[in-house]
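This is the structure, below, for whatever I ask next.
Residue numbering begins at 1 within each chain, and the chains themselves are lettered A, B, C and D in the order written.
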Amino acid sequence: MTDGTTPTERLTAFSDAVFAVIITIMVLDLKPPAQATLSALLPLWPAALSYTVSYLFVAIIWINHHRLSLFARGATPELIWWNFAHLFMTSLIPFSTAWIADTKLAAGPVLFYAAVFVMVNIAFLGYQQEALSQASDSEVSPTIRRLTQVRALITLGAFVTAAFVAYWSPLSGFGLVCCVLLIYLRPQVPGEGLERNAHRGHLKSIRDAKEETS
Amino acid sequence: MTDGTTPTERLTAFSDAVFAVIITIMVLDLKPPAQATLSALLPLWPAALSYTVSYLFVAIIWINHHRLSLFARGATPELIWWNFAHLFMTSLIPFSTAWIADTKLAAGPVLFYAAVFVMVNIAFLGYQQEALSQASDSEVSPTIRRLTQVRALITLGAFVTAAFVAYWSPLSGFGLVCCVLLIYLRPQVPGEGLERNAHRGHLKSIRDAKEETS
Amino acid sequence: MTDGTTPTERLTAFSDAVFAVIITIMVLDLKPPAQATLSALLPLWPAALSYTVSYLFVAIIWINHHRLSLFARGATPELIWWNFAHLFMTSLIPFSTAWIADTKLAAGPVLFYAAVFVMVNIAFLGYQQEALSQASDSEVSPTIRRLTQVRALITLGAFVTAAFVAYWSPLSGFGLVCCVLLIYLRPQVPGEGLERNAHRGHLKSIRDAKEETS
Amino acid sequence: MTDGTTPTERLTAFSDAVFAVIITIMVLDLKPPAQATLSALLPLWPAALSYTVSYLFVAIIWINHHRLSLFARGATPELIWWNFAHLFMTSLIPFSTAWIADTKLAAGPVLFYAAVFVMVNIAFLGYQQEALSQASDSEVSPTIRRLTQVRALITLGAFVTAAFVAYWSPLSGFGLVCCVLLIYLRPQVPGEGLERNAHRGHLKSIRDAKEETS
C-alpha cells in the first residue's frame, strides 16, 4: 500500500511544515522601527531576545522530533494524536513569545511562557514514549530508554521550576529557561547513548555512500 | 515517468502544506493581551476555545485525508478537483473561527461556522468517493464502503443540525459540533473495518521492519 | 548522488510549499465583519468573489505545473530560474486580489489584476518550453507540443484582452478572466493529447498497482 | 533505519518549507494602495524594489543550498546547527526588507540590510564547509573546494563593503548589493568547476532517463 515510503513519512512531513510556519510566523512580530536610525533598533531588544530564545527552542524541538521519528515504524493513532498534541502546544509559542516581548519580560507573561514550555514537554514525552515503544531492543537498549526518560523528566522539572521562579523574578525564570536550552545544544551529554547510536547509524550510511562513489 | 514515487504523492504533499498553513494561521488571531497579568488571559476564552475546536477539526480532517489517500492510486482530474474543493472549504475555517471568537459565539457566526463544517464535509465526501473508487475490493470490502459512507452522512447530518440549532441557541449548536468531533477522536468505533484494515497494513510493515533490524 | 529521488523533486516540493502559502495567505485578507449577523457577510462579496477567482487561478497554475513537471527530467539552471520567475509573478496574486477586493473591482486595480495574470502566463510559457524540451518525442509528439503552445498563447491573448477591456469596463474585463479560467477547468479540450498521454501514464500505474494487490 | 531515503532529506525538506514561508511572507508587506488608480502604485516603488531584490537573494540562497545539499551525506549535528543558523539569519530578511521599504532606503536601514546579508553569508559559509567535508575528493576536487571558498569570501567582502558604503551613501550601498546578486545569476563564472560537475551529474541522469523511456 505504501511501498517505498515509510508509513510515518507523511506525518513527519506535515509536522515539518507546521514547525516551519511556526518558526517563521514569529518574524512577523518583529516590526521595523518607525525611525531610520540604527539606534532605533535598541528598544527592540525584548522582541529580539525572546524571538531568538523561541527560535532556539523550536530548533531543539525539531531536532528531537527528527531523531525520535527515526525509531517510529508506523503512524499509529496514538503516535498521530500525541504528535498533534505536541504541535498544538508548540503553536502557542509565537503567542507567548509576542506577549513577553510586548510586556518586556513581565512576571505573568514569563510564567505563562515557561508553562507553554512545560506543556510542549509533556506532549513530547507522550510522543517519545510511543515512538520508542515501536523500536526493538537492539536499536534502543533498556538503559538508553531509561536515560532518555530521565533526561526528559529533568528538563520538565527545570521548566516547572522556571515557571515558579518567574512569578517572583521574571528575569531569573527566563534565564533558567535559557540555561536549559543551552544544555540541550550539546545533546550528547545527558542522553549520550541514544545520540551516539543514532549518530553511528548516520556515520555508517555516510561511509557506505562514500565507498559507493569512490 | 514517476518511477519510485506514487502518482498521488505530490497531491498529498501539497495538501499537507496547505493544512499546515491553515492550522498555524489561526494562531495569528490569538493576540496577546495588553496587560501583563495572568488574569488578562481570561477574557481570551472565546478565542482559546474556538481555536482549540478548529484545531481539533483540522487534525481530524488531516487524519481522514491521510487514511483515504492510502487507497488512492492516481492523481486523476476528479481527485485533484475534489481535493481543491476540500482545501478551499477548509481554508475558510480560520475566517469563521475568528468571527465566532470576536463575537463571543453569537448566533449568526456560529451558524456560519457550522455551515463551513458542512461544506468541508460535502467536499470530503466527493474526495472519499473518488479515492475509494480507485481501491480494489480486496482492500476495501463493499460492507466497509457502505459503513464509511454511512458514517460520513451521519456526520454531515449532525453538522447540518448544529447549524440549525445554532440559530436558536448558539451555545447548543457549538456544543453539538464539539460532540461530533469528540466521537471522531475514536475513529475505530463507527468505521471500524476500514480503520482496522489500514491499521493491519501498518502493523504488518512495522513487524517486517522489526524483523529486518533484529 | 540522488538515487531514488528525481532531480527535480526538491524544485517541485519547494514550489508546492510556495503555492500552498500563497493560496492560504489570501484567506488572511478575509477579515470577519464586526457585526454578529449573517447579513453582515453580504458587503464582503467583492472579497469573497476575488478570493474565489484567485484561488481557482492558483489551483489551475498548480495543476499545469504538476503536469509539466512530470516531463522535466533535471533541475537545470534555466528550469530553476523560469520557475522562480513564475513563483514571483504568482506571489503578486494576493496583493492584486486584495486591491480589487478593497476597491470593489475598480478599473485600475482590475487592469493590474489582469496584467499579473499575463505576467504569470509569460513566466509559465518559459517554464513550459524548458520542461518540454527535456522530454523525448515518444512522450510528447510534435503535434502535442504545438497544440500546448497554441493553447498557452490563446490564454495569454485572452488575459491581455481582459486587461485592455478592464480599462473601459472593469466588470467585463473581470468576467473575461473568469471565462478563461472556466475553460481551463476542462483541460482535455484544447490540449487534449498532452492530457490524455499523461492520464494514460497514470491509469497504467493505477492498473499495475491494482494487479499487484489483487 | 532510513532505507530508501537519504539521511539529509528531512533537513532539506524542512529548510525548503522555511524558505517558502520567508519568500512569501514578504508579500504581506506589499499593502495595496487606498486609491483605485494605477498611478497610486508609483509611490510603492521602494517596497517593490526591495521586495524584488530580497526575493532574488532568497532565490540565490535556495539555489546554493540546493546545490550543496547534494554533497552532504548525513544530517550531522554540525550540519543541522549551521543550517539552523543559516535559516535564522535568512528569516531576518523580511524584517530588514520592510525597514528599508518603509524608510525609502535610508542610510541606517540599508546598512542593517547589508549586515543581514553578511550574516546570512557567514552562516552559509559554515554550512558549506560542513557539507563539502562530507563529499569525497572524486566529487569535489581540492581546486574546486578552494575556488568555492574564495568565491564565498569575495561575496562576503562585497557585502561588508556595501554595509560601510551604505553609511555614507545608502543608494550606492544598495546598488552594490544588487551588483553582487546579478553576478550570482550566472554562477558558472566564479565557481565554474563545482557547477559544471553538479550539472554533469544532472545531465547524466537526464540522459539515462531518456534512454529508459525511448
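The rule we apply is simple: a residue touches a chain if its C-beta (ideal position, glycine included) is under 8 Å from a C-beta of that chain, and two chains touch if they have at least 3 such contacts.
Owing to the predicted nature of the structure, the values given are computational and were not obtained by experimental measurement.
In this assembly, the chain whose C-alpha centre lies farthest from chain A is C. Comparing the contact residues of chain C and chain D by number shows a mostly separate set, under half of all numbers used being common to the two copies.
When the CA atoms of chain B are superposed on those of chain C, the rotation angle is 90 degrees to the nearest 5.
In terms of their C-alpha centroids, the spacing between chain C and chain D amounts to 26 Å.
Between the Cα centres of chain B and chain D there is a gap of 36 Å.
Residue positions 1, 4-5, 13, 17, 20-21, 25, 28, 139, 213 of chain B each touch two or more of the other chains.
The touching residues of chain D, counted against chain A in their complex, run 1-2, 4-5, 7, 10-11, 13-14, 17-18, 20-22, 25, 28, 73-77, 80-81, 84, 87-88, 91-92, 94-96, 98-99, 102-103, 106-109, 111-112, 134, 136, 138-139. The residues of chain A lying in touch with chain D in their complex are 4-6, 9, 12-13, 16-17, 19-21, 23-25, 27-28, 30-34, 36-38, 40-41, 52, 55, 59, 62-63, 66, 69-70, 139, 185, 187, 199, 201-203, 205-206, 209-210, 213-214.
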